[in-house]
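Handing you this structure, nothing more for now.
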Amino acid sequence: MSQLFQEAIIVSILAATIRAMTPLLFSAMGELITQRAGIWNMGVEGTMLMGAFTAYIAATWTGSLWLAVLAAIFAGALMGLIFAFMTATLRVDHFIAGLGLNLLVSGLTLYWFQSYVQGRAQPKFASFQDIAVPFLSDIPFLGPILFSQRLLTYVAFLAVPTVWFLLYRSRYGLELRCLGENPKALDVKGLSVTARQFAAVMAGSAMTGLGGGFLMLGLSDRFVADFTAGRGWIVVVALIAGNWKPKGVLIAVTAFAILDSLAMHLQVLGTPVPRQLLLALPYLASVVLLMGVRFRSSQPGQLGVPYKRS
Amino acid sequence: IAIGPGLARATEPDKLRIAVILSAGLESGWDATLIQALERVKAKKPHGLEITWKNTDPLWGDDAGDAMRVFAESGQYDIIWAHSSYSDQVKKLKDEFPDILFVVAGSGNEGLGGNQYWVYKRTYEPAYLLGTIAGKMTKSNKLGAVGPFPSDDINDEINAFFDGAKAVNPKIERSVAFIESWYDPAKAAAYTSAQVATGADLIFQLMDTFKPCEEAKIVCFGALQDQHSLSPSTVLSSAMALWDPDVNHIIDAWWAHKAEGKPYAGNTDKHWFAMKDGGAAMAPYGELESKLPQDVRGDVEALKAKIMAGSFEVPLDVSDPKAH
Amino acid sequence: MSTALRVEGLTKRFAGVAANDDVDFDLRPGEIHCLFGENGAGKSTLSSCIFGLYRPDKGQILVLEKPVHIASPIDAIRHGIGMVHQHFVLVPEFTVLENIIVGTQRSGWRLNAAEARQKLKAICDGYGLDIDFDAYVWQLPVGRQQWVEILKALYLDAQILILDEPTAVLTPGESRILFDIMGKMCARGLSIILITHKLIEVMQSNRVTVLRKGKVVATLNTAETSPDELARLMVGRDVSFTISKQELTPGETVVAVNKLTAVGLWGEAVLKDVSFSVARHEILGIAGVAGNGQKELFEVLCGVRKPKTGSIRLMNEEIAGLTPRCLMDRGVGHIPDDRFREGLVPEFNVAENLVLGWQRSAKYRSGPLMNAKAIARLARDMIAQYQIATRDEKVAAGKLSGGNAQKIIIAREFLNASGLILANQPTRGLDVGVIEYVQSQLLRKRDEGFAIILASEELSDLFGLADRIAVMFKGEIMGVVDTKQTTLAEVGVMMAGQRLQTAHSLERIQA
Amino acid sequence: MIRFEQRSEQNSLWTAASFAMAILAGLAAVALLLVSTGANIAQVFDALIMGAVGSPKALATTLVKATPIILTGLATVIAFRAQLYSIGQEGQVFAGAMGGYLGAQLMAGMPPLLFFPAVLLSGMAAGMLFGWLAAMLRNSFAVNEIISTLMLNYLVVYLLSWLLEGGPWGESGGTVSYQQSPMLSGDDFLPALFGSRVLHAGVILPFIAATICSIVISRTPLGLEIRGLGYNPVALRHKGVNIGRTVFIVLMTSGALAALAGAIELFGVAHRLRADNLVGLGYTGIIVGMIGGLRPLGTVLAGLFFGGLASGAVYMRVLGDVPGSLVPAIQGITLFFFLCAGVLARYRVVKVAVQ
């Protein structure tokens, strides 16, 4: 336990935190865009999984990681298209459509995966490596935590201010937030609510897909059934806990990842506590934390409510 | 055509059809090694048998039971090989199909005897050997092991790995991580990285995840199959499971029943083939061989020879491995 | 004479029922043209067809005598048509400016607020409007929010403005300002279609078209008609506007409120030391500009808001802090002001809404199940009695026009209350025919011995119905006056925040 | 040009037609998927049908497999109708098995007539406890029920893992294994029906539960309150309904139903407590409830359909050469087409003249 406070271990805990945050941040920012547009996409898990799967296929097929990144983004956008069709066009309950998407993707990816490998040894690929930022990565303590990460990790952290700017400083953001709060306000100005919902969901899902893609390309080297293992749900939780704001979501994701990383290191260090308790720690703490905080909810007013004109 | 004992000869089979119910899929070492062993045995045509088999994708629990029933009722199969802990399901079937030989594999089963055979697999002996290598090569005197869930036939190899290390290097510290999941490569990688970060410089990797070892440029050991090809630059050797003697043993038992009319006599206790019987082995060193000091290699060879000769018995410890 | 807008033979059906039936209508440049009609007559439907929200089944629309095709609001806006909807279409979480400019910028990445701000400032200056563009809409009083709606239309350069019941949420003072501004608009050549149920307002227009059951009954020059004639045209019978109130002596005290205080979500005081009492055979009117604590007072009285301190005695029993259920069982009826949020479940059908709250009572049950027959019978009775315009009792309440939805609530509450009736804005948005009915029902309940607390922004309601009037300002009661001994002016002064004693002296000085 | 227009009321013929179209379109999509991987379509469907309904035994298996998912489906219906988006069914199934197991330990040796109701109830009580937790967190701490139930799902899995491993319920003695309890004694198995080897008495319960749910939701005052809670809790509060209490009732009932599934699996199928046979029953139940249109009787049909798929899947895997993961893919595809059919049923196609 006392080892926990050694510098090397603290560095490791924090570096692991930042690494684990990357896919969550991409997906959470994507889901933030989607939800701010009033569409509650419960299919984050499925969208991430599809992103990861497509990235896997693309990476093993073409051998190019960047093509695989594009493929994940594209797959995410495609999932978004399906989801937008279900929710914005058909007005199916968002929650239900999202869970359906998860099921569909879980089955399809596994089916395609098994058809793809078909008995042969599972193809693997060489995943993204850390990029040490010159000079910065040599800073003691902070260097290895912040400046020796995968390239996409930096992109993921940049995505937070970018999404903030998009939401609050661009005209698209104003329309986007309006979609979530009161789509009728756009409708009565003669603007197509449906088209904007499609755009928002597809853009958001593309980012979500990228999150899954990074999980595959940056943190793994092969695909397995239900590869994302519940990370999509963590994203949904982070969004609610982060009160639908970029900074809040960033904090929620960070808190979860730190707890997770801490629990992991505690187990590895041989803390004499049942392993299950350590594994449960991030989940337990999330609930306890949420019990303590109360804020004015910024949940978009029409989140999850299919829009109908009359 | 002979008579008398020839009667038995007359029904002497020339074909053996096996149904295999997998547990984790062909991507996993557990299932892949069995199929590889079947291939090898098939090529040798024991008792002149032409062996064919059909395998399902992973099935669990009652689905596996249903599949066994379908196989059994089809009358197309002589042996139903359920490659995981399925004795609960076999229990419901074995008396109904007394002629079929049921096989269950590994920990979590119950020895039912009769026409259920329980094959056990322990790779703790090669794991011990790997441990002695690790114990000598480590600079930090800290070794790591990453596994899915603790259990009898996981604990044995992890403990043996550390015991082997300890035997050559008393200063060894151990770090154990169970990720509580069968497949989550990203999680396994995170745990492995954490072990590396907390000082482990050699990892016994039971989750097939070598990326963190590559990043940290450290040596890893694989489990169940030779995993050198997965990560040539990090995997020095693996503790391999070989099912050939088990397959042969089962085929013999079936033959004895079928051709010689002996009753099935499945084991009720765990039984496994040791390294000296060909049930486990240490994988050849890969391209990392050159990194291995000559004296270490010599010591390992000597110890291996002792194990094979039976003059050294690797201690079996199935207690929950704890880090310390 | 050329028209700004003309509608010919417009028909719009909903599920087979004609909401507009062969409507002809024309709007002259620079005039205020009133649409007048019962709840559910089809006024909003007609406006929505003109604005492109609904697509008419038949008929044609001409702007400046040229046939136009209006498939969506964007076409309407392009033809210079703007609309202020019956219910606000605002984003409370946005600032005034954001609400106005959202969706209007056509190019560029960044939000360009500076230009919009200038244009808006010019508009506001032109009409003498003063509004903080950076205030959040949720912070604004309802009346101000209406200005934001109008500014939205003006910002889009509307030449033809449709105002659907804009004054329903305005105080009389605010309504006056609105009419001033409408005058200025007309002077600048804008043409206005105004929908209102208030005859005083109708009388200020140039022309009026009366709709009944989707058909145009008449189009008249306002100067050549009278409120009585309009009301008769609208309902098809005579409507009496004089409320004949029986002289009754108040009986025992039904409810006595003493030093009641309550706080809001963030701990701010919303009710301060409120005290009053109401007796049998008595109507206590609550006057005040909306947002001065009336809603909170009603919430505390009906049990959905817990008071902080103070007492409420109902028939000599302390009821402060009791649940709505307990109060309902003690005979308190409540007509909330936000009918679709607080009074009804819009997705439930009329019958279900009529038993809502009493679903567990033995009357509507057979054993553990609800008695569908009894409920249907009740629903049909109520539909007939209150003339609720609905095809049958199985129609979802949310599909009814606001007035008919209100009738469901009134029917339910009048049926179940037994001692005290709380009525917050019960006549808001209702047509004169129904208002007459509701008023007469309130008086009937008073005659029966009920105590009634009635809040209304229509001072005519209060002066016509109430025995005494309490005036609220910022959560406090400025004074309680006897209706017969007070004047509109005195109440007005108290509504602006003067206490009764000061009000008296002020009046004396003025007199 | 054609246009979709919403119907004022549902036309049952058109509704049936929509769903028939959905099934056909779903089958076509599945066939397309099979073709894309070169599988033999006829063989796959043959095996599926044979395994689902081909024999009395297949039917029995279908029923047994449908039982837990109908129950978790009903749990979904109750909660979602109130727009309490609890996704805790997964964890509550675990809780139900754990509660049942605890009950069996405490009540060992009771006469069967008392024993089975008692252990099933103790399983349900465990599920209710989880429902209570979620409701309490929502009512008293304003914790969104999606978060709390999701977190509880993880927690309960780790709890069971601990109980079965280092904890008190682990199998001791000969076969230390991956997290399982010892086998229940044979007296504690749910009795079989019609002398079948697979069909246990528990398969009756989902039908009873569905009937009760259906009546409660559509015909009782509580049902009105549950539906109203989903639509407009504010109005309900004004009309004297205790929202907090209704939330408790809904989430606890939902928890009990899901937990019953877990207890039945323990006593009727697995006969020992372990995690892997319970995984997915809760999430599948959500899908089943949704395909059933959040109506109890629809849920029964959807559950039987999924049960049939699961039962047929085994045949398909054994006889055909397609990956078993086809089944979740079929489930997902079906769900999508059913959702579309649900929408279609509410609309009618009208021809409109182009102006």
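So that you can tell them apart, the chains are marked A, B, C and D in the order they are listed, and the count of residues begins at 1 in each.
Basically, contacts are C-beta pairs under 8 Å (C-beta built on N, C-alpha and C of every residue); 3 or more make two chains touch, one makes a residue touch a chain.
It should be emphasised that the depicted structure is a prediction, and the values quoted were computed from it without experimental measurement.
With A-B and A-C as the two chain pairs, more C-beta contacts join A-B. Using the average of C-alpha coordinates as each chain's centre, C ends up farthest from subunit B. Taking each chain's centre as the mean of its C-alpha atoms, subunit A lies 37 Å from subunit B. Rounded to whole angstrom units, the spacing between the C-alpha centres of subunit B and subunit C is 78. Centroid to centroid, with C-alpha atoms defining each point, subunit A and subunit C lie 46 Å apart.
Centroids built from CA atoms put subunit D at 28 Å from subunit A.
Taken residue by residue, subunit C touches two or more other chains at no position, since every residue touches fewer.
Shared interface positions of subunit D, i.e. residues touching 2 or more other chains, are given as 158, 161, 165-166, 323, 325. Each of the following residues of subunit A touches two or more other chains: 114, 225, 276, 279.
Looking at which chains touch one another, you get A-B, A-C, A-D, B-D, C-D. Here subunit B touches subunit D in the complex through residues 19, 56-63, 66-67, 70-71, 74, 85, 88, 92, 107-111, 149-152, 155, 180, 269-270, 318, 320, going by the rule given at the top. Contact residues of subunit A toward subunit D in the complex are 86, 90-93, 95-97, 99-101, 103-108, 110-115, 225, 230, 233, 236-237, 240-241, 274, 276-277, 279-280, 283-284, 286-287, 290-291, 294. Those residues of subunit A that touch subunit B in the shared complex are 3, 8-9, 11-13, 15-16, 19-20, 114, 117, 119, 121-122, 124, 127, 129-130, 215, 219-222, 224-227, 229, 261, 264-265, 267-270, 275-276, 279.
On the subunit C side of its complex with subunit A, the touching residues are 51-54, 72-77, 83, 85, 89-94, 98-99, 101-105, 108-112, 152, 156. Partner subunit C is touched in their complex by these residues of subunit A: 169-175, 177-178, 181-182, 184-191, 298, 301, 309-310.
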